[in-house]
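As written, the chains take the letters A, B, C and D, and residue 1 is the first residue of each chain.
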Amino acid sequence: MSFENRVRSSFGQQGLMITLGASLESVSSGSVEIVLVPRAEVSQQHGFVHAGAVCAIADSAAGYAALTLMPAEAGVLTAELKINLMAPAIGDRIVARGRVVKAGRTLTVAQTDVFAETGGQSKLIALLTATLVTVAGRENVRD
Amino acid sequence: MSFENRVRSSFGQQGLMITLGASLESVSSGSVEIVLVPRAEVSQQHGFVHAGAVCAIADSAAGYAALTLMPAEAGVLTAELKINLMAPAIGDRIVARGRVVKAGRTLTVAQTDVFAETGGQSKLIALLTATLVTVAGRENVRD
Amino acid sequence: MSFENRVRSSFGQQGLMITLGASLESVSSGSVEIVLVPRAEVSQQHGFVHAGAVCAIADSAAGYAALTLMPAEAGVLTAELKINLMAPAIGDRIVARGRVVKAGRTLTVAQTDVFAETGGQSKLIALLTATLVTVAGRENVRD
Amino acid sequence: MSFENRVRSSFGQQGLMITLGASLESVSSGSVEIVLVPRAEVSQQHGFVHAGAVCAIADSAAGYAALTLMPAEAGVLTAELKINLMAPAIGDRIVARGRVVKAGRTLTVAQTDVFAETGGQSKLIALLTATLVTVAGRENVRD
């Protein structure tokens, strides 16, 4: 299975992405893009997209960017993540672009830039760094 | 309005919490508890609750814990958060307990312990630290 | 070798701790305390202890707390750390109290509370969370 | 005073930088470079540069990058920082390149890439993200 099919197949099993209405925009070696369209169902109390929803697509983008470089049969888990929310998540689309910074045997570091697109304009609104774990030999954690 | 009503009213406007099926369990001065029942709609690909959903309830718990100590008319926003995911989020209930560590005039630091409860047993599965901003004088950011 | 001797022996080889003037106050199973006395040589530009120096003792306290629970022959490395600096690091002594939150086979999560002590009063000034790696089978990384 | 002189003057008052033997390599609008030469006095127990020392120069680089964009009379403080240590800090020189990601009125987000240079080769070994605070009107916090 190509890494793109592998990521698309795993993404399709993330119930949360479907619930949020997020879509997998692009997959290439070491980078993945996920898009979320703002709507009331993913908002916080002021009408912005909730930090948790921004975090969710940014984490999935980082994790799947890492997965593109992992050996077959392995699975990916997030050990930790940190996100800075620099501007309100509002606009036509929220776009999370994850890329691998350092791929190791056990630990991979990835970053996701999150942009808000409004009328053709793009603005960096959040920045996530995550540590992903390559899980091997566990039946129930495989991607 | 009491701080409890203030938090309950704001929580009720978080579309994402309703979408996730999260509920506000308890509110006291400087601490807030939010509960999420695992189901396919909030899962990642291995059937665990998605890191983004854990992050969402942990962030809301931290943010509302901070809000209980903020002046009337202010609003709360998350500047940044960091979460360590220490064990799979599975079980009967996922419980996020946020508490204020340091309340400042502009910045508040709060932590959320996230537990997985299964058959009466409780296990610490995640640990979040967040920096919250007290927003004053902005019409559209008020809680 | 007892875990206390193991930590004391490793700490004695941390050139930076000697340079900073930090001392290993106490070692018990899963927790370690390190003390730094503020002075010009460890300051930032306003006369407070530099965030980097606070970070250094907080990281060592977290790492050695983790080491107390690691198998013989293993070594400890920090994969990542995050620290919130909540008040200026000034006073008679800066005390970093590290404790293990979750010890895993490969990854350990530890937290360090950092206090400033002034005339018998103690104030929480910083909060660190770190992910430590248990390194096995590497000659040059052994503690 | 030009922003370069402002940064150089403040850096000269950071006792810790002198103690570590760190030097201010370059200052431009929104970015600052600090260099540290590895030696026993800044090491951890395996002979690598201590995470705390890497953190110290990375934090100063981020903070001073932020300061170049702050109004005169203001001072800069670090609210929080997070660093991923991806490879051992060894080599001829450790170079921390800080740059502003988002400058706000109160909060600035900056990132520092840390490289290890060995025989003309450069390797990314650490990645720091920090939230800096613009402090106004406090006599003792001015840069």
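Observations on the model:
The working rule: a contact is a pair of C-beta atoms (placed from the backbone, for glycine too) under 8 Å apart; a residue touches a chain by one contact, two chains touch by 3 or more.
All values reported here derive from a predicted model rather than from experimental measurement.
Listed by label, the chains that touch chain A and also chain B are C, D.
Shared contact partners of chain C and chain D comprise A, B. Greatest centre-to-centre distance from chain A is found for C, with centres as Cα means. Chain pair with the larger contact count among A-C and A-D is A-D, by C-beta pairs in contact. Chain A and chain C, compared by their mean Cα positions, are separated by 32 Å. Separating the centre of chain A from that of chain D, both taken as means of CA atoms, is a distance of 29 Å. Counting only residues that touch two or more partner chains, chain C has 79-80, 82, 84, 131. Residue ranges on chain B touching chain D, taken from their complex, read 79-80, 82, 106-107, 131, 133.
For chain A in complex with chain B, the residues that touch the partner chain are 10-11, 13-20, 39-47, 50-53, 55-57, 59-60, 75, 77-85, 140-143.
For chain C in complex with chain B, the residues that touch the partner chain are 82, 84, 86-87, 101-102, 104, 109, 111, 124, 127, 129, 131.
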